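Chains: A, B and C, in written order; residue numbering restarts at 1 for each.
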Amino acid sequence: MSDQTDKSSNKRKVGEVDQANLFEAPSVPEQIRMVEAILFASSAPVTVNELKSRMPQGSDPESALSELKLHYRTRGVNLVKVGDGWAIRTSADLSFLMRKETVETRKLSRAAVETLAIIAYHQPVTRLEIEEIRGVGVSKGTVDLLLEMDWIKFGRRKMTPGRPITFVVTQHFLDHFGLESAKDLPGLRELKSAGLLESTIPNMKDSVADINKEDADLSDNTDQPELFVE
Amino acid sequence: MSDQTDKSSNKRKVGEVDQANLFEAPSVPEQIRMVEAILFASSAPVTVNELKSRMPQGSDPESALSELKLHYRTRGVNLVKVGDGWAIRTSADLSFLMRKETVETRKLSRAAVETLAIIAYHQPVTRLEIEEIRGVGVSKGTVDLLLEMDWIKFGRRKMTPGRPITFVVTQHFLDHFGLESAKDLPGLRELKSAGLLESTIPNMKDSVADINKEDADLSDNTDQPELFVE
Amino acid sequence: MSDTPNLEFFPENDYIVENSPENLVINVDGFEGPLDMLLTLSRTQKVDLLKISISQLASQYLDFVAKAKELRIELAADYLVMAAWLAFLKSRLLLPKDPSDDGPTGEELSAILAFRLERLQAMRNAGSKLMARNQLGKEFFSRGIPENLEKKRTINYTLSLLDLMQGYARIRTRDDFRPFTADRENVFTIETALERMRKMLGFSGEWNDLMSFLPEEWQNEPKRVRAATAATFAATLELVKAGSVELRQSETFAKIELRKRNSE
């Protein structure tokens, strides 16, 4: 605790001094306790902004979060980042103790898993693009199920003819699979460098002469999912 | 963390040694992690027996619990005994964080504005009189809201049959509008010259408002409501 | 732990298809479209997907379609589209390249198909990897007793003095347009006054105080006096206008007097 207190002077940025003085922000250990309490109490991830809005003025939840992350690193519960939120979750290595808490979840069909994977790795992606990748139509039921599970949501429209709506994964998806962001999807980098995340399909009917991976990489940059543009 | 490891040798009671050897009980820090995770994830307080049954054989949840209790003593959440079970709870002093306060600015409803205006201009005024002036009933919600906002309060009873209670505006109301007294409210003539009244209003009405202003303090004037139905 | 997929989808080997077309017993319904079937067929070649013989794959697929036709199995349109495309691909692979033809070569078409198969396989693997991850509510858990966030909504009502005054003004103006129903008791209508005046004027040729025309029961309460006076005065004006009455007043605030006008 004491070292946290020592750090407090460094933590405060120069511009914040006035405000901090005005509002008498809580001490750093106290702020850590506050963030801890808020995160423990919530089953859903809490954003930094929400922490800020609930804590006394002048609080700096960000540094409290990094202290807490460190503190819980080796404990039975950990502080994890989920999208733009933070949550406390039990350590995955203790899952064997948790049989009792496990809730029976419905089994996803292969179509649903594939569709989910395509949305996660290709997002934002249109229904047509999903169908092109799977080589088969996507049933409404599959999309509805994923929407209902709050794993996918509608993204913005594509700037292509017809302005089709896109799908993206949700914060809840990240939370469910323990991902900090969609960039942390397993094997994403490899897939990308192998050119397998291209959203355009070489046209089968009048295919262009030089379809190869280099071209595929260069093609259609405007449609590149923003998440994966590096 | 390190001090917990050091303690592990002391924690094991003599009688348990054999069992512990047989089943290789987890280390004390590990047991603490387990208890921590189980308590966190459980939807109800967990008894020592239940902890024992869920943890690997040879575990000593009691000492893990007392370690945890000590550990969380000063933190944002505490380990508390609930009945014969144990649970993690927000520190009592931080319960104020479990409130999400949102401030919403709303326009007062038309009914409330009119009711308030009538009370301000005609006070002390009974509910029936307000209804006569407005030409429609006054809902309890409207009156309650104005009472709750501390803009109106009950005045004394009128000396008419049924001795109805009257309403008057409060000091808070006067402060809010920067008025010395309700008499400072502009009269109908001023409202008219400010363009707030239709010019078709007969002159008589102006004088009525002026009478009202004068009469405002003469209060219990039973004639008052009638002044405004002409 | 993390190697075990948590959400089962049909395991890949449910689709084992014997290499020879004779044994090809496929529940087409079990396939997720022609691309999925091609992917399954490609696995029978027991080589890396990158080294697969597209030509052989195309043949397998076309054999299947032929067999299905023979067995009068109805195939969905996209299976037939794929068959047509594969037949085209095969012909391109077999025929020597015509330099005047700027269409895609058989190799190019093969590359396209290989790419699509590879990509579908990649997505399938990604889905497995995703499902094999530790999942919330399975391997890791959120707080079992989440505390209810007490949502306290403070509503600040805004009201300016102007709003208040406008509200009052609104009521007062509205009164003038509201059907006049209130307080019949203390209302003396012009109609009543007119009727009364006409009767009284019948036997009056002298100047008379307007106030004397007021009914007795309207002469006590100030409020009633005011109402009756106003109505009687208005009625008098009507009668003056009609030419049946003369009106006079000697000075400001003096008595108003009237008399019946001679009709000649």
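Note that in this section a residue touches a chain if its C-beta (ideal position, glycine included) is under 8 Å from a C-beta of that chain, and two chains touch if they have at least 3 such contacts.
In this text the structure is predicted, and so the values were computed from the model without any measurement.
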Minimum number of chain-to-chain contact steps, chain B to chain C: 1
Chain at maximum distance from chain A, centres defined as averaged CA atoms: B
Chain centre separation (chain B, chain C; CA means) in Å: 32
Cα-centroid distance, chain A relative to chain C, in whole angstrom: 29
Mean-CA-position distance for chain B and chain A (Å): 35
Where chain A touches two or more other chains, by residue: 40-41, 88, 90-91, 98, 101
Chain C, residues touching no fewer than two other chains: 141-144, 147, 149
Complex contact set, residues of chain A against chain B: 1, 32-38, 40-41, 53-55, 74-77, 88, 90-91, 94, 97-98, 100-101
Footprint of chain C on chain A - complex, ascending: 40-44, 87-92, 95, 98, 101-103, 105, 107-114, 116-118, 120-121, 133-137, 175-179, 185-187, 191, 194, 196, 198, 201-202, 204, 206-209, 211-213, 216
Residues of chain C that touch chain B when the two form their complex: 141-145, 147-159, 161, 163-176, 178, 182-183, 186, 223
Residue ranges of chain C touching chain A (in the complex, touch as defined): 1, 7-10, 32-36, 78, 82, 85, 102-104, 108-109, 111-112, 115-116, 118-120, 122-131, 133-144, 146-147, 149
